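Read from first to last, the chains carry the letters A, B, C and D; within each, the first residue is number 1.
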Amino acid sequence: MDRPGLFADATASYAESQYVILGIPFDRTTSFRPGARFGPDSIRQHSWNFESYDLETGTDLADIPIHDLGNAGEFGSAEEMVASVRTEVEPIYRDGKVPITLGGDHACAPPCVEAFPKGRPLSVLYLDAHLDFRSSYLGDARSHACSARRIAERVGVENIVVVGVRSVSKEEIEDNRSLGLTYISAHEVAREGITATAKRALDRLSPESVYVSLDIDVVDPAYAAGTGTPEPFGLAPREIKQILDTVAPRLVGMDIMEVSPPYDQGNTSALAARLAREAILRSHVARGKP
Amino acid sequence: MDRPGLFADATASYAESQYVILGIPFDRTTSFRPGARFGPDSIRQHSWNFESYDLETGTDLADIPIHDLGNAGEFGSAEEMVASVRTEVEPIYRDGKVPITLGGDHACAPPCVEAFPKGRPLSVLYLDAHLDFRSSYLGDARSHACSARRIAERVGVENIVVVGVRSVSKEEIEDNRSLGLTYISAHEVAREGITATAKRALDRLSPESVYVSLDIDVVDPAYAAGTGTPEPFGLAPREIKQILDTVAPRLVGMDIMEVSPPYDQGNTSALAARLAREAILRSHVARGKP
Amino acid sequence: MDRPGLFADATASYAESQYVILGIPFDRTTSFRPGARFGPDSIRQHSWNFESYDLETGTDLADIPIHDLGNAGEFGSAEEMVASVRTEVEPIYRDGKVPITLGGDHACAPPCVEAFPKGRPLSVLYLDAHLDFRSSYLGDARSHACSARRIAERVGVENIVVVGVRSVSKEEIEDNRSLGLTYISAHEVAREGITATAKRALDRLSPESVYVSLDIDVVDPAYAAGTGTPEPFGLAPREIKQILDTVAPRLVGMDIMEVSPPYDQGNTSALAARLAREAILRSHVARGKP
Amino acid sequence: MDRPGLFADATASYAESQYVILGIPFDRTTSFRPGARFGPDSIRQHSWNFESYDLETGTDLADIPIHDLGNAGEFGSAEEMVASVRTEVEPIYRDGKVPITLGGDHACAPPCVEAFPKGRPLSVLYLDAHLDFRSSYLGDARSHACSARRIAERVGVENIVVVGVRSVSKEEIEDNRSLGLTYISAHEVAREGITATAKRALDRLSPESVYVSLDIDVVDPAYAAGTGTPEPFGLAPREIKQILDTVAPRLVGMDIMEVSPPYDQGNTSALAARLAREAILRSHVARGKP
């Protein structure tokens, strides 16, 4: 008897788990095409598409203790969602586990970072087509257009690197000039190659504790049409994989946001499920090595 | 104010117009499948599908002075939307014109009613699969699940009739018991026929000033799949047309809400455009007669 | 925290439940368009679309003890599926509960009937566009084209009535001549009306224990496009509702089969969820009356 | 044997033909999203998309004698399909022609290889995202998850090379360790380039008689969304073309499997048709040269 809707291979109890999945079906701040509220369940469904064994690391996902908490409830406002997600995620960190949250729009990412224990060093790799660096958007400081800004306020602007950007507002660029956010555009990745740019990004991040916030729109729409604000000229899945592989040994938490199932026939969900697996596998293998 | 592709035959200036179209691309309060924010432009696009001459009334839509204001802006919250829509719609009534607003989720309807001049009698025909009579939903009094309640507060609960209901919450029924909202369920329409039930509904409404709020989900999903909360056992388009034809002579304003283009290939938008035309044509013909 | 993927309002434990939902994601015997394996989870997802209160019976679904067992596993053959489903469903009957199974192709229905305790009278209302009365199809006696035949073998051919038929093979008609299956075609329903034909069907069934097997293709494709073998000239949802309402007081078990999500945008799943609710509500209300 | 819309330029009689197309609309063993049964007719339909003249080889497809046998019948089990396909394909080889079979799920490939005359050397290039090397899957040795294993048993494990793999089970890898299947992963192709890896693969194959089994999921889902088990990180169409161009002079048979039309709007079918043409053209040109 399967439990319908859970992530494939999420068979461990919470107590014995190392990785903990939480869905956040919230998309009220989406500025263009909504639908990301259906992301968590669709990513889970497509996680069943894959074999459990990983060719590159020689590891079987079935041997990694993963627990799936299900979905956070439905919320009337972003503030409510933020408060609730923080409450859900805090014990995961406290218990020494790695939260993997599935969105939902990118507004769901900041509370996952804010729940990290204060006092411990933390840096954030923010993979996104947009800078998400507005102070406020349409009067809403918790909009998905402000998520990198909110995260920078929590971890310090020097501890976040945005990779894959190709769409920004004038205000963001001006704010950025004074505030000094580091970002690497998709154009730079294309010009310099993923190996060099990934290295440049990762050198800026904490050697120990990196949180990865992955907006699926960082990927080119050819590979990930199922998202709310598709942006041409994006990265290839293989490039995202290479960054994840490199950063995984330092992984303390991760989110995958903005998968919007109504806009394709499931392939973006399949890609998201695969990227979650990839991060879990690489992180697990690295942890196993003393 | 954007200027997207305008409604077919909306060629009059504002000054000379009798009917004024306004799009409200807002769907943040949608509780199930979002996408109604794309409704206004999709309805406009599909309005070009039709010939301008109407066989039944012998009237050419091209001879009716219609103006299309374009879309209201993007909003961060329902409160903001409500305030802005009121400001947009008030002058339309004041100038003796009939506003036809295109949503957007049903949260966009109350401000269109609230903008009507106080002191003048007004009653509301509310066509919907749901009662929308919650006091508040997920902490949001401006949710689309509360729109009939908000309208009842404005016009008086005795001046609103809901037709086509087939999905309600227990709280709504209990509130309704004390507050006394009149509704005619879809089951009653099926049992008694549209002619009898439409008469029953219209007899309760003001003989002069009726506002029609049309949630496209009142129609059966077989005819209107492109909506956020599809409900089986709905009315046929022909039944809706019959109600509209009957009420049109008293029409002072109208909205068509909850058309969600991602969920079909355009047929729901075409139906909505056709129903807007129908109301305009019938109203215009009746006005012409002293 | 929602449990993702479960049927709405299925909040009771198994012990306290009266209705027990089980998904059977199996579609290997589908003869035309496959995809019904995704039916159970899609029906569940769309069950969240609806308000929990029922206008007609004055009952709140939230007050009815429903449990959702999740899905039966994946199977390599129909024989394996049949054996496993029987094992799952037998204790549900034994514990005095009503199983509501969600398919899957119609091959998933016979084991749900076969699990019913021997010795107790049982009759079956089989709602389907097809007769499903082949002895064997493509060498497979467990094909979905043979389901009514298998069920007739279990309950006796005199205890099954097929309603809504509009597509049969010559062999089925010839076999039927000698074996004497009662069926009422969709054409008869159209000619004589649903009230008369439903009465005719139900008069033939046990006054106490009726199992309902509902192939969603009994409904016209205008309302239920998401199915494997769509057949024009079908029944309207309202007609199915009327039959279900009438038979519900005698309900001991039910299945809803052949919902194939890839073939529409969700409305067939929403209809199936609504019909399951309808049967549960009406059955529960009838049980409450001594 | 049906006669559906035939492959473009398949105008030759069987007797005069050099290439013989056969559709196998069977997908009962598909493990995730079914629909490949509609592959053959959809590939044929999209074959009409292309001009018949090939720029690179200076050859007109219309001058190549191609015959289209239509589709094999419908089958109740994989065993039945295997027996029937063997019977259909054996005379094609015997008559000195090249069979090009269109699936259908990958379970349809082994009988096409098994039909090859015993005693003649044969090696197989197996292009696939998966290893398909299970001994049995869900109790079914003829599942599409076992196809490379079945083929290896026929031609000898030393005479098959799998290219493009990026999803395997632990059992497959362990079995592979003892049985010694050669494979080149998609990651290796990405690292080393297609030219080097194609050479490495082809060096292992018979200099005379190569059969190509092409599971369309070897291609990245960005280019081939219409398949049952999409796997990110796949090869580009251009890379597949390069392998096919290189191997075509040795081609004795080919299949194209797992095109599942419900999951895109035709692009995967068009790609499959184009790859079939490519192989035929290159093979024909090579044969013409003494």
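Please note the rule applied: a contact is a pair of C-beta atoms (placed from the backbone, for glycine too) under 8 Å apart; a residue touches a chain by one contact, two chains touch by 3 or more.
Quantities reported herein were computed from a predicted structural model and do not represent experimental measurements.
Asker: So chain B and chain C are the same sequence; what rotation in degrees superposes their CA atoms, nearest 5?
Answerer: 115
Asker: Compare the contact pairs of C-D with those of each option in A-D, A-B or B-C, and report the one where over half match by residue number.
Answerer: It is A-B that repeats the C-D interface.
Asker: Nearest whole angstrom, what separates the Cα centre of chain A from the Cα centre of chain D?
Answerer: One centre to the other, that is 37 Å.
Asker: In whole angstrom, how far does the Cα centroid of chain A sit from the Cα centroid of chain B?
Answerer: For chain A versus chain B, the centre distance works out to 40 Å.
Asker: Enumerate the residues of chain D that touch no fewer than two other chains.
Answerer: 33, 262-263 - these are the residues of chain D that touch more than one other chain.
Asker: Assign the assembly's chain-to-chain touch graph to one of these shapes: line, ring, star, complete, other.
Answerer: other
Asker: Over in the complex, which chain A residues touch chain B? Could you list them?
Answerer: Answer in residue numbers: 27-28, 30-31, 33-35, 37-38, 74-77, 80, 137-140, 143, 262-263.
Asker: Would you mind writing out the residues of chain D in touch with chain A in their complex?
Answerer: The contact residues of chain D facing chain A are 32-33, 130, 165-170, 172-173, 185, 187, 190, 220-222, 225, 229-233, 262-264.
Asker: Mind pulling up the chain C residues that touch chain B in the complex?
Answerer: So the residues of chain C in touch with chain B come to 48-53, 55-56, 58, 60, 62, 220, 222-223, 237-238, 241, 264-267, 270-271, 274-275.
Asker: Given the complex with chain A, which residues does chain C contribute to the contact?
Answerer: The touching residues are 1-6, 23, 40-41, 44-45, 69-73, 88, 262, 265.
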